[in-house]
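Take a look at the structures listed below.
The same subunit A turns up in both complexes below, where it pairs with subunit B and then with subunit C.
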Partner chain A sequence: MNLGTRAVLYTVRKWKKTLLVFCLLLAITTLVLSGLAIADAQEKQAEEVRGTTGASFTVSRNTATGGWSSDGGGSYSTQEYLTTDRMESIAAINGIEGYNASIRTILCLSDRQGQWLEQMEPTGHAIVDCQFYSYGCINSKYHSLFLSGAMVMCEGKTIDSSVKNGIVISKDIADKHDLKVGDTIQAVNNPLSDDKTMNLEIVGLFEVVADKTDERNNYNESSYYEYTNNAFVSEAAMKKLLENYADVGYASADFFVTDPERLESIIHEVQKIHTIDWNNFLITANDEVYQNISNALSDTGTLITTLIAVITAVSMVLIILILSMSVRGRKRETGILLAAGISKPTVVLQYVLETLLIAAAAFPLAYLSSRQAAGILGTLFGKTAENVVVTSQHFTLTATVGSVLLIASVLVSCIPVMRLKPKTILSQME
Partner chain B sequence: MNIMEIQNVQYAYDGKKKVLKGINTQMEQGKMYAILGPSGCGKTTLLSLLGGLDSPTSGQILYQGEDIAKTGLADHRRSHVAFIFQSYNLIDYLTPMENVALTSKLPPLPILEQLGLTAEEAKRNVLKLSGGQQQRVAIARALASDAQVILADEPTGNLDEDTAAEITAILKESAHKSGKCVVIVTHSNELAKEADVILQLRRGELQTLSVSDLEETASQKRRASQKNQR
Partner chain C sequence: MSLWKRACLYSIRKKGKTITLLAFLLVMATMMLTCLSIQAATETANANIKKALLGYFTINAKRLGSGISEDTVSQILAVDGLSGRHTLRSYSYAIYYDADRKPLEISTEGAAQVPEGYENAGKIVANSNSQEDSYFTDGGFELIEGNAITDASRNEALVHEKFAQRNGLAMGDFMLLGSVEDENRTRLVTVTGIFRNTREQDSIGIAPSCDLYENIVFTDLSTASFLLYGTNSKTSVQYGDFYVNDPDELDRIMAEVQEFPGVDWGNCILTRYDHDYQNAKESLKGLQSIVFIAIAVVSVICFLVLALFLTLRLRGRVHETGVYLAMGISKSSVLMQYLLEVFLAAALALLLAYGASTAISNQIGSGLLSQVTAQTYETVDLTGNIESMEEPTIDLGLSEIKVTVSARDFLIVCAFGMVLCIASTALAAYPIMKMKPKSILSQMS
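Let's look at the complex of A and B:
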């Protein structure tokens, strides 16, 4: 009779012992699979948080290290500005998904017939009512007003480098003047000077979400800062509109990273760009929100990982104890098999096979039970049941590691008996 | 023909208490040997050494002229010897047929039937059989194996007189008809009398007794016992 047949017969006929080990393995595997699913849901949540909170760094002129000058308008820093080349060299670093810098001015807007557009709450003075607080943007979706949630795009697209002569205005202004995406309007910096007038295509419309009392968004009631009277213009167009004025560059630019976790290393990379004199510029990390959420998530993640480790360790100790008791209880059988000339490795292999036979039934069943249990357990850690999913990868991992641990447990359990000579085992039996 | 030979075998527990002091003997195929001796004299130890369950402190055990320590004890146990124990030592989750099949490729039922078990009994759990039936299963397991040497430790110790006599007859038949070398360790003079060779282990030494020696020793013991009772 070979060891396989003996193993099957033992497993079937000693069904009470089999059932005990089976239930234990089922419970442990269910818990471990659920734990892995919760850990994955946790990781996914952390990834989502990284994606939604985002993180950025701001590169700005260091006025403390530059010189100062003064004229009739007052004193001003002579520190150098951020040029397009400098910003592009920073944006080329791996891990930066985009950047924005803005030129701010007040543009007067009119329709194609030259009729001035009017602010939402006009004062009655045409020359004032046509003034719109405008940003010449490299990429308007990274503008703080959009990132803070004060505004949202409701139609069309945002301003980026692919838009040459485009403008984004508020939906309220568009509706007031019967304008829509695709229409063209005119803009001029100062209509009383020889500043250039340009045709700009409305590429998108935004809605104001911020409440007038929203201090967070610094919303006030002066007409310039009334968000509906804001406009976003493509950078190239803005430069043409301001061609009568010196193009010095940007005082600061915001760079956005794909993974907030890498923010520090990316800043480190940026500081290595040797074409920029970092004595003249400051880098400020903007990841406070991410750090706060990340720390909370990290704590939960550690708790889950610790729980899985503790469950596994305690379970293994329990399994080793039960298997040790079982092997000790089978000393007589071991002695008989050894006396019959069956080698020690073959006897151990039979015990290993018996345990693996039980595991072969317990593991798949645990896969099914954990699919139910994981969701319920996940809610204890603040996860929604739908997000806690036990996958086939979890099962493969658990089954593989579980089998290895079980084999190790049986081997450890067998050591005390297998170290004895067959005669000692048999004399102890007598 | 000699099948087993014990050459100057010594054995000491923990290297101190010497129970076997240089034993020499030879055993032949087709004969039944009985080893007698008081409790603790080392009978079972000698049987364990013959069966490769343990190794002597010094000396050699030869099977067909080869030292079993060199050919491998596990191999010796697997191929050359079969054990029968006082407490039967059957595997409790196997039926009699499966216990016999443990060491044999032969169909187990004919051997079990030959030893008096019915087909129905042969398929029962071994623990549901009587002591005599369990010992028959143990003997069947030994006989079904290819082993040429059967080593039996008090095989009738737990059995009533009639059953013991039947088991003794079976073992004797195994030696005489099947050509096996049967070595029995026993306290029973009745069983020893059935053996072809009676060996007595006393103070670590082995000596051969005749049946008359055995009866003389027995009567001396009886007289001493009666004297003590008076």
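Let's look at the complex of A and C:
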């Protein structure tokens, strides 16, 4: 009887034992596969957490290296500004999610009929009461007032470069004047000059969260306006509104990165852009939130990775133990086979073959069952568990390492039996 | 031969088998204990992340005649769930004099107007840490000489470099801060720092003279309290920012604070700030459930493997069982013997596992960042254009993540392990026990 036939016959004859070993292998392989999938999911999830910290860097004019000039309104810097070209060349770098820069001005807003829109708490002077502190934004969702949580969008969408003639105003103002998303209002920079009046569509409304009366917020110009009297206008519209004034560009722009871990390397890349004279601009990294949590976050990562490592190591030990037990239980059989004149290598090979036969069935099934398990977890835990995906790489890795481990442990378990003569084996039986 | 004796003798006689069983149980128990200790540690890590996202609430008591008193502040800080980190702030205006009570000159260039009575006055900003004031954090101010004002400062002032130049003030000089309303209320302060603004003031032309950057003076809370409320020994403040450990608890804590007597809460504005946490909340939960999934998967499979292993082991003893039964030993006592063998091995394995997993846990713990005391921060190459990021790292008071096997976890693993050992042995023995000794012995291969 040849080796292969013997192995198959044994496996079939001892089907209960085969089934048990099969189940064990299946369970352990599923464990390792899920472990690997979980380790990967953890990495994705941690990246997502890092992404929510909103890390960015600011490119601003370096007023220290530029010249200064002064007129009646005080002294001002003559340093060059950030142009659209410059900002786009920075934003083109891989890993930058978006950017924002804004121009501030005070706009007078009116409804379609030209009736001035009144502020929340009017002073009684019509020309002052229709003034809104307005930002012309490239991407208003990155505006510091929204990022800091001082305001949140409650209706509609934010302004980005796809919005040509849009405006975002506060919900309070909209309610006061019976306006809603989709309505059109008019805006003009200075109604007493020949500045252009434009029709703007309300694309979104914001709500004020922060306490504006807190004097902490009173360090700049915007502090003289209530948050409810702020407005955000699309960049294109703002340029038209201000076409009577020189378009100098932006004093600073904020660039937001997808993964704060890469912030440093992205900044280095940005500095290599030679079309920008970096002597005239400063780069400041803003990743305070990420810095605060990074240690605790990477600890979580370390812990989960260790967990998976422990699981994998334990699984290996278990496989060795199980196989050595099953080989040890066949001492008598080994003796008989050897007495029947079958060579030692052939006997060992038969055992290896039997194990591999079981593994050949268990491994693919484990792949399927762990994918199935991931699906069940997906329905239980929602979005997170969807990240737990058993990939074919995981399977290849597990199957390869698993097979090597199986062969090795059968070989090692056979050593004590194989060293003995058939006579000794058979005589020492109980 | 008694049951006990048989069980012990079998365990000793079959050394190999006993050791395999022991090793198996040991490995399983160690894995479970280590997993549980890791899970507990990730909970600490998660709490640390929540804390580091710095959720806080602000009490704006500007409208109260006497502000927030020192006693109220300590009462609030005693509320369960506060991290202890807090910032107290007051804002006012003061007339500036030199030590001889001669008015100092302020800048009026670019001012929208010079309000009456404020010809020599400017804005006073008091903060329990002047470096954390919005002028420094968001307005681009930087200290060029001296030290920041802290909680411990008394009668100190930071002035703008231009203001110092204009009035010939230098570090260590004295100046008087006088209340705008009550000219007898003055306090002598020492100039302990000089700052400058790195960005232009954008409110030129809108701001009154007293709000111009050059006319701002930073002082300590006690001085501001004296100027605002006339308090001498006690310090009251206008604003307080109180940080919490868990931003999810903000609502509860704020409600609790508003029940303290002696403060007219109706005239205070309490605002919660937990934007960073709200952003990260969902993703953080995801991270936590990944740990949970891992533990769940490990536990289920672990128990499955254990049950299978014990079954496999018992199946190898069919012959032995037949002999016992043929000898007239009752089925129940054979079963008891098998259980006892597993039990003995399990007891030993669990004890060893406790030691092993504690050792492993310590090893894991020492690799964590939170336990690395001498933190080395990578310094960015700042040559040229990246503005210095050398801000001192704030101590967030995060708890050390300890990876330890708790007694509770040990008991859980013990209880479940024992139950499982017994159940799976009994279950595996059931088909054998059902058979007659004769059929057992005859069906042997």
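Quick notes on this one:
To be clear about the criterion, the second predicted complex is superposed on the first by the 239 of 430 C-alpha atoms of A that agree within 3 Å, B and C clash if a C-alpha of one lies under 4 Å from a C-alpha of the other, contacts with A are read in each partner's own complex, and residues count from 1 in each chain.
Throughout what follows, a contact is a pair of C-beta atoms (placed from the backbone, for glycine too) under 8 Å apart; a residue touches a chain by one contact, two chains touch by 3 or more.
Only a predicted model underlies this, so the values are computations on that prediction, with no experimental measurement involved.
In the superposition on chain A, A:Thr300 makes contact with subunit C only, not with subunit B. In the superposition on chain A, A:Gly341 makes contact with subunit B only, while subunit C stays out of contact range. When both complexes are overlaid on chain A, the residue A:Val310 reaches subunit C alone and has no touch with subunit B.
Once chain A of one complex is fitted onto chain A of the other, the partner contacts of A:Val388 are limited to subunit C, with no touch recorded for subunit B. Of the two partner chains, subunit C is the only one that A:Val49 touches; subunit B does not reach it. Judged by the touch definition given at the top, the superposed model places A:Asn292 against subunit C, while subunit B stays out of reach.
The wider contact with subunit A, measured as residues touched, comes from C rather than the other of subunit B and subunit C. When the two complexes are superposed on chain A, none of the residues of subunit A touches both subunit B and subunit C. Across the complex, subunit A meets subunit B through its residues 1, 6, 9-10, 13-14, 332-333, 335-344, 421-423, 426-427, 429-430. Within the complex formed with subunit A, the residues of subunit B that make contact are 44-45, 48, 51, 53-54, 74-79, 82-83, 85-87, 89-94, 98, 101-103, 141, 145. By the touch criterion stated above, subunit A contacts subunit C in their complex at residues 16-17, 20-21, 23-24, 27-28, 30-31, 34-35, 38, 41-42, 45-46, 48-49, 51-54, 62-64, 73-74, 76-77, 104, 147-149, 209-211, 213-221, 223-224, 264, 267-268, 271, 278-279, 281-285, 289, 291-293, 295-300, 302-304, 306-308, 310-311, 314, 317-318, 321-322, 324-326, 328-329, 373, 377, 381, 383-385, 387-388. The part of subunit C that touches subunit A in the complex is made up of residues 16-17, 20, 23-24, 27-28, 30-31, 34-35, 38, 41-42, 45-46, 48-49, 52-54, 58, 60, 62, 89, 91, 109-110, 133-135, 138-139, 198-207, 211, 238-239, 269, 271, 273-276, 278-280, 283-287, 289-294, 297-298, 301-302, 304-305, 308-309, 311-313, 315-316, 360, 364, 367-370, 380-381, 384-387, 389, 393-394, 396, 398, 401, 403.
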